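Each of the next two complexes has chain A plus one other chain: chain B in the first, chain C in the second.
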Partner chain A sequence: MAASQLHVALAGNPNCGKTTLFNLITGANGYVGNWPGVTVEKKEAKLTSDKSVTITDLPGIYSLSPYSPEEVVARDYIMSDEPDVVIQVLDATNLERNLYLALQVVETGKPVVVALNMADLVEKNGDKIDTKRLSKALGAPVVMISALKNTGIDELFAKAREAAAKKAEVPEHKFDSAIEDVLDHIENCLPQSVPVNKRRYYAVKLFERDAQAVKLVNLNKEQADRVEQLVSQCEKDCDDDSESIITGERYAVIAHIIDECLKKAPEKMSISEKIDRVVTNRWLGLPIFVLVMWAVYYIAIGTIGTAGTDWVNDNLFGDGFTLFGASFPSVPGLFEGWLTAAGASDLVISLVNDGIVAGVGAVLGFIPQMFVLFILLSFLEDCGYMARVAFVMDRVFRRFGLSGKSFIPMLVSTGCGVPGVLSTKTIENEKDRRMTVMTTTFIPCGAKLPIIALLMGALIGNNDASWISPLFYFLGVVAVIVSGIMLKKTKLFAGRPTPFVMELPAYHMPSIRSWALHVWERVSAYIKKAFTIIFASTIVIWFLSNFGVFEGAFGFLPDLTDADEFMDYSVLAMLGSALSWIFAPLGFASWQAVAMSISGLVAKENVMATAASLLSMSDATEADPELWHAFAQQMFFNHGGTVGAIAAFGAFNLLCAPCFAAMGTIRAQMNSGKWTAIALGYECGFAWVIGLMINQFYLLSQGVFSIWTIVAVAFAAAILFQLFRPMPKGAMGEDDNEVAPSVSAA
Partner chain B sequence: MKTLGDVAVGDSSTIIKLHGEGALRRHLMDLGLIKGTKFTVVKVAPLGDPVEINVRGYELSIRKEEAAIVEVQ
Partner chain C sequence: MVQGPKAPAMPLSLVKAGETVTVERVKGVEDMRRHLQELGFVEGAEVHVVSNSGANIIVMIKGARFGIDAKVAVHIMTV
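Coming up: the complex of A and B.
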């Protein structure tokens, strides 16, 4: 049997431990992508112990209804010919609700094996489940397993192979006899082409008036009329609609099964309930949440994480280091040594050290911080606390059309926008997810903090991170809120607020393995970015700033001229000058400031390095007052810019489209070129408008008035109008006063 | 009509009917909120909304606005 290929689908409710099981049996080395046509994640991998078995992890769902893309994807896959058997994973500590999906999966006529997960917890609670009876009632083998403790897995797959050999099963469980009569009649109306094992499924779906399933069976007019007549008669008899009747019947079957198969130990208050009583307490909930978040940042950004990051930046990519008495050279030192020994030219050494090592190093420096941050956030997510955060914060987020679930991506984005955008996956509703993707990168990521430090140094001569960083997180949140309210009133996001009905899973200690995988998923997304996009982009930036035309000749500028300001002749300078008209109303028309913004689009980590090298102060950091001064003087004041222009520059760079890597992630997450363009267009448009207003209103306060003052006032009025006007009715919204021109164009 | 959102924290009640139509109604039914189901309101979030209910042995968070389609005893 081992030689033949076997396709296994994993189905189950959210929080039933399906992902833990998937990671356990596959080692999580698989393909991750989207199901065709939708932004629902598809995970597929080979079984570690037997490569002939392919496991497809279906999205966590509660039902096979036709309303959510996750449910449709899952049922289409189960009904297709690809899977040989479905492993239906159940949280055995919550049989009642978990059996609801199991019944529906059994009804599809596919061979099913039921895995009762969390067997260890059932035992601990003192509950008893009669698996033999349960198996008989469901017409499918039942195996007790624990994905956390790795028990029962071999038996599960032995049963799965046996079941798969049967190819098809006819479901066993029966509803009330009156309903069964109607279902029998509907089955008789089905065309002969519907195979025996799937007839029950389609009969039930037709009874529910499930539009998607109706399309698939192709009834003729006569048959369709007959079915409709049967269903309406039954609805009249039961005084209820058909969907409610079937749901009621399913839960009645479940009640009967539970009665027979489950002996529950006397109820006592679980640890989870005790924790929850405190954590989401009406009065303590918010303070505890603030405390937890503060602790996360204190550890990740403030102390341990930063110590690691500083070590990497100062030693590994700085002056070298000593370990156990042996001294090691820094990475740039190492490369320079090798390259010089190999007789490389200045050009090559410059490319490697100033281009690649400096750029990639800037990114890698953030890894310790990122690592610590994600260890903490992933734990909070996996143990169940983040669901409580969504519960506590929902009221706030609903006001601007999002749900509490949007908060998690924003938290992750404070580390890096790439995993932040990735974690929007947990938001089921498409509109909510799109809006969260569009706005989450307004939250300053780790790489924006040095830019903030530089700007604040230049503006107020102080960059004490303890109050400035929180201030900018706060501004990021304001940008998210303002955008949320404005966008919600546009055609793109119009409509009723999306429902927020969410299970609050019991608290549990995540398995170390799952936790580690979760952290790795996020950190590796960041590392991948460092070695792909940033690697390539630093070479481009290096080329743009080191090559140019000097006295009529094009070439490597350090070879052409001895001048320190060789960059003035570079391609980057030309590009900056060519684009500077866009930023003139924002007050920063110098090519250097524009070049910094361009390098920021590539990677925010580049902005500081570009500033330092443009000012010929390559060794200076954002904490250096000389750099603050040079930055303000040479890039702004010398070009007619003011303090307002510096602030506008900051606002633009913090709010505009994120780095290439995050843009790529947005593209992957939106799964649509149009929506990617809308997202990036909105971000850049919004950033430009905010920058314009800051600069123009500052100038106005100094008594300077121009045509741009009027434009800025007009934008401010438009934003206020959009913020405070009532929600437009229905599909109206032709005259939506959108701030970003690119949004209305799209 | 008394709805799920009207039940005080700590009190239990039984569902009489789900009003409305479409995805939200079906989702609530799939989660086990149907005619005759008993539930307990466990707590309300610090900002007054949503509420947490215990139904069929698990905890569910639901906004008062959505709870308004659930008629209870």
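Coming up: the complex of A and C.
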């Protein structure tokens, strides 16, 4: 028998285990995109055990009131005709809180099945939930499940099918009789067109004066006046505004339900509370965090990760390797062998080895490092510690107009900007989220580290001093903070800083499955980038640098000329020269330096490879002093550049728009062409201005003065002005004056 | 109910760690007040203060732990 199509919406609070459930029942391979018009992620997939069931995972929310994009998305979807039934996931260990959203979902009149998740933990705590009574109180079937242990899922979907067949439900729970009276009167004012199961919902919405819902019911003038009169009278009687009345009533219903249905074991001070006393302590919080992060990077970059990365670079893509006594050739060696045997021309061998294998290999080399880093970061996130980090860092970040929640994307970006930008989705406020998307890639990612090593080698003749990478991470954070302060004072981002209120879930050991999924989600984003964008771009760059015009003929340059510097005639050289005017004020006008920057826009991993091949030192790495000298001499000093120009080149390449892959992710996350343009424009503009200032101020210290010196001074003055001017009037909320004195009193 | 001298309401930001207080009302701009009420800061709700650093505060309310900025906590009046 072919079952009919069934659309199921998954609703629930943040941290209720909804995502774990979604991954469990769908195998985590569905469509991931955005809800139309907002930067909220939409996940949709078929049920693994029954392909006729489509599951839509709604964003984690605390209520259905339409005040955040997440809430609007969830409410519009539940109220639409698409879902046949809503599975409302509750964290059974915390019924009181989770029931608030559940009541609102039941009020919509859609068929609802309540999934009491973490049923195993309830038993372990010694609590008892009377599901029969709970089901009666909510007017919806209740099923105990555990997404972690995979129990109760079949029953859940059996009930969901049953419930969906009913098409509609009328909510059971009742508020205080005085309020119910008013709601009854309002229901009577509703036009006949509102179906029976939705009358209660719209009555409550009219009572709350919910503008969006009111628009949908089309009351005539007389009805609208009557409703307004009823609501204001009730507000007067209760001495409270109508929305607070309903919120209070819902919690009263919940208190009653809890009384009836939940038998709680006596409480003891939880382990989470004990840990929180230490890790969120005013004095210990930050040092503990620094220590934890130091350990993470020491393991990921310093030891295991780098050992893996070096192995890949030196053996797999270098000299070949020996395993269990058998020796294996390296990947380039393997390809060269095959291609030569197949009689391929030099052109093809060059394309495969110098272009594709070198480019993609440079990316794959980062995988072991990234893998270890993401294993550790994902663990810290899933066990609950990162929420505390956001909390501790908020104290610092708030001063700069940023939220503590911006810190997690910045940490992830130290590995790769793609998952970094993706992880901004945990920031609730849309302005904060957009600003974090724009600035988080200022943090040096793994692929920028070789560029830093090359630059430091060229500048100070040393690239492995232990202070170098911390310094650049620090400079990245400074760039984020400076941008945060400046942007917050523009019209685009003005607004009261969002008050920081964040749930701190109990500490727990993440399940291996969800932990692994989390790591894989991030690493796979990176691997995908290696085989798509980087794969394509290396071919293009190889073409641009190997083809060109020599003595009037266009073709494969190594065939046309024997000169080692054949690249001087390449298309890339022409492109670089054509664009060099943009970078002349920054001091690097050589086409090679410009070409490196262009290849950096495609992928930062390309910059080193481009440098090496432009200098005809293909085998050199960033640790080679000869490469440092050649780099400084041929690309800068020979073209009138100075040490200032090298530093400006570094600043530009580390700050400008990230690689194509990250740009694509920014586009997906912003979900708007305009905002993507703003983000990339700001990043490149900021990078150019900083580069200009570095070069011009260095020149000035050497006694060189030009029109660009004045421009640099003007930019510096503008930045300082924007940093230190007071917040423009009207940009903050009107209640800030009211807040400030009470805080200083505290 | 025992009628006695009523202690004046005190903002949550001033409550010491380890104390449990009751929410009297929530002040401030509408959307923040609404958000706080939806999280459970309604009249009569019990709030247990886990830690209070002066700049921010951790509370238990309705079974969940929340980190709250002191600027927000001043809007929650408790007795």
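As a convention for this text, the second predicted complex is superposed on the first by the 727 of 746 C-alpha atoms of A that agree within 3 Å, B and C clash if a C-alpha of one lies under 4 Å from a C-alpha of the other, contacts with A are read in each partner's own complex, and residues count from 1 in each chain.
FYI, contacts are C-beta pairs under 8 Å (C-beta built on N, C-alpha and C of every residue); 3 or more make two chains touch, one makes a residue touch a chain.
From a predicted model like this one, the values you see are computed outputs, not experimental measurements.
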Partner chain(s) touched by A:155 [first = chain B, second = chain C, both, neither]: neither
First (chain B), second (chain C), both or neither touched by A:503: both
Chain B versus chain C as contact partner of A:76, first or second or both or neither: neither
Partner chain in contact with A:187 - chain B first, chain C second, else both or neither: neither
First (chain B), second (chain C), both or neither touched by A:286: first
Partner chain(s) touched by A:310 [first = chain B, second = chain C, both, neither]: neither
Interface residues of chain A shared between complexes with chain B and chain C: 62-63, 65, 67, 94, 96-97, 100, 243-244, 247-248, 251, 276, 280-282, 387, 390-391, 394-395, 398, 499-506
Contact footprint of chain C on chain A as seen in their complex: 62-63, 65, 67, 93-97, 100, 243-244, 247-248, 251, 272-273, 276-277, 280-282, 387-388, 390-391, 394-395, 398, 496, 499-506, 733-735, 738-739, 742-743, 746
Complex interface listing, chain A residues touching chain B: 62-63, 65, 67-68, 94, 96-97, 100, 240, 243-244, 247-248, 251, 276, 280-283, 285-286, 387, 390-392, 394-396, 398, 497, 499-506
Chain B to chain A touching residues, read off their complex: 18, 22-32, 34-37, 43-50, 52, 56-63, 65-66
Chain C to chain A touching residues, read off their complex: 11, 13-14, 28-29, 31-40, 42-43, 45, 50-51, 53-56, 58, 62-72, 74-75
